[in-house]
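Going by the order they are written in, the chains are A, B and C; count residues from 1 in each one.
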Amino acid sequence: MKKKAKTKEKEEEIGLEELVETKEKDVISEEPVKLIVKGKRLDGRGFNELRPIKIEAGVLERADGSAYVEYGDTHALAAVYGPRELHPRHLTEPQQAVLRVKYDMIPFSVGDRKRPGPDRRSIEISKVTREALEPVVFLKHYPKTGIDVFIEIVQADAGTRVAGITAASVALADAGIEMSDLVAACSAGKIDGEVVLDMNGIEDNTGEADVPVALSPKNSKITLLQMDGQLTEDEFEKALKYAVEGCKKVYELQKAALKKKYVAATSATEGNNNQKGSE
Amino acid sequence: MTVQIVPQIERDSIYKLIESGKRLDGRNFDEYRKIELDIGVYKRAEGSARVKIGNTMVACGIKLGEAIPYPDSPDEGTLTTTAELVPMASPTFQPGPPDENAIELARVVDRGIREAKTIDLKKLCITPGEKVKSVFVDTYVLDHDGNFMDAAALGAIVALWNATMKDGEKLPVSKKPIANTFVKIANKILLDPSLEEERVMEARLTVTTDELGNIVAMQKAAAGFWTPEEVMECVRIALRKGKELRKLLK
Amino acid sequence: MELFVKGRDLVVPGDLLASGDYLLGEGTYKEGENIYANILGLVDTKEQFIKIIPLSGKYVPAPRDLVIGIVEDISFSSWSVDINSPYQGVLGIANATDRFIDINQEDLSKIYNIGDVIVAKVLNVSQSMQVGLTMRDKGLYKLREGRLISISPTKVPRVIGKKGTMVQLLKYMTNCRITVGQNGRIWISGENPNIAIEAIRLIEREAHMHGLTDRVKTFLEEKTQKKVSDIPLIEESGADFNV
């Protein structure tokens, strides 16, 4: 990821609130941003703390399964169609389903508008996302079909690929696709020399390392692992530990979101809801 | 888009109902489904809106920047409208570059905004011939249950009115064009087609009007035809319904 | 042998259900001694048997299933039929009608045309997921009018009800003919199909909840102004969702 240096002046004289407010201004100066002040991160989190996470299952009408996920200000929407007939036909595999993933960012999800359409980064993320989900999906149960996963990032503040994977996993379960486990994902990294969990945008832009991880929590199996930056062996081990623990927390939220969708229906009252009369 | 076969008995049921003055979901012929508007929900956009008409959902965002002006309008800012029918919105949408439906959607939404002179593009000039402000209107259809045209057009205009520039100033917008889409089924005119109605429609017509009673854009679609009387009827309904929807921009 | 869940518990893929010697039904898999759920659904367990009732998912054709299909394409000697499944159905001329069809003389589209809706049975499903259909059986025919809706195939057992009691209730109260396909497609014909459709949507929404039958009865009584008289309706008892 690009590391742009966003800076501001006279940071020693400014309190924590003002540090957070001025972070968006592109004022170039000599001094680097301090991401850790008095042992806390700019947004008040501890080093091993996730951003506030929100997960909702079944948010779209047409898709077979869907989910919406927020990791702080990063918002991802995932939809699943499948198993369904695969087009083009020549991609069909006789013994199993073909899993396809398309990760995409909406032009207005980022500060500098992103042109619509896949770029090299989206294509790579699509691949690693697919490989994060494939190990748990029982593809052999659906021979000669396709399972399509679509991820749209509607707002980006770092950690978009892990938010996307978390959403995709919930969408797959929502669609009733057979899997050995859910997959939960989060990122660890290093800022100001400290290993931290779940960096936000400003931390990721000026941070020293980024380690996205996806986990099948049942037996703590890692299905996505990437790294960029510089970490010593000890730092990496710590980052991995933070990420695995973080993934387990995300997993609990995924389960709760799926259960909530059906429990909410359970406590609904009589069918007085306005609804369409047919298909 | 891939085509799904419409069962004959479904076509027949819809026709029979419409001939007897009813719609599948019980609406009146000139009634919109429930419209939900969330303004300013996409924080990275300089202006944004999420629109739901029934279950159809469209996300719209405005991105502002700087650009070199077009040679034939050296003192005007640039306005570009895009639309994407993303595959998650419907089993019939394929991944890939915008197809003719997405391109048509973008151009019709753009036409409404541009021809109504919604934005005073001259106010977006920085240095004539060299640098102007650019306005991007991006509309993403996320869930398709019929009539993404009106949802996208509504989202775009709401987002434009919501937009603020970097210096805190509002975008120089002064008009509120509204698009209303009709379909013809069994010789009757229906406003705001649901997905089922679109699948059996003979013809479609989108009419965009502004608050001064001007028609600023029109688009006929699908393989059937409209009579001049039917077109005028659509225009009359659009002028009336445009006023109603415009209230949502308050 | 240990059971970690109870009937009607909502589980997600990867949840530990039990360990030991259990008879495994759908929605479960075994790893060593442990038994896990592989879908989002409700636990259904009886003595040594454990399975998960899915809350969503596509229709996978099985022989003898009654399905409602839409003709999509016609070839030289067969029709391709959309059966609301990842797998397409094929109706060969030998199984299409009770009479002999001479391919050389007859226009297949005059028998079943593209867009026609048919009530058919699944004859066989091959290893490579070729689905053979037949129309040669009692109660199989082309539908000529009426309304067609789609529900999640996982809710079909609830719409049918134990021994067909739920669909009988719907038919009686709304005075409609109703055919429920295992593939989630439902055909309704009568003067007032809307009430039946609303009731079916209600069942689809609340399929996994207790007291559904009572709520449906109340709904139908309110809407039709009729009374549910003494049709022998067997009370639902817990987790048995099967017909």
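To be clear about the criterion, a residue touches a chain if its C-beta (ideal position, glycine included) is under 8 Å from a C-beta of that chain, and two chains touch if they have at least 3 such contacts.
Predicted, not measured: the structure shown is a model, and the values here were computed from it.
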| item | value |
| --- | --- |
| Maximum centroid distance from chain A, chain identifier (CA atoms) | C |
| Pair sharing more residue contacts (C-beta pairs) when B-C is set against A-C | A-C |
| Averaged-CA centre spacing for the pair chain B and chain A, given as whole angstrom | 31 |
| Chain centre separation in whole Å, for chain C relative to chain B (CA means) | 38 |
| Mean-CA-position distance for chain C and chain A (Å) | 36 |
| Shared-contact residues (touching 2 or more other chains) in chain B | 10 |
| Set of chain A residues in contact with two or more other chains | 84, 277-279 |
| For chain C, residues that touch 2 or more chains besides their own | 147-148 |
| For the chain B and chain A complex, residues of the former touching the latter | 2, 10, 24-26, 34, 42-45, 48, 55, 57, 59, 61-63, 65, 82, 84, 86-91, 94-95, 97-98, 136, 138, 140, 142-145, 194, 196 |
| In the complex, chain C residues that touch chain B | 70-72, 82, 113-117, 143-148 |
| In the complex with chain B, residue positions of chain A that touch it | 60-63, 66, 73, 77-79, 81, 84, 87, 102, 104, 106-113, 116-117, 148, 150, 152, 154-156, 274, 276-279 |
| Chain B residues within the chain C interface of the complex | 5-13 |
| Touch list for chain C against partner chain A, complex | 10, 12-14, 27, 29, 36, 38-41, 54-58, 86-88, 128-129, 147-150, 154, 194, 197-199, 201-202, 205-206, 208-209, 215, 218-219 |
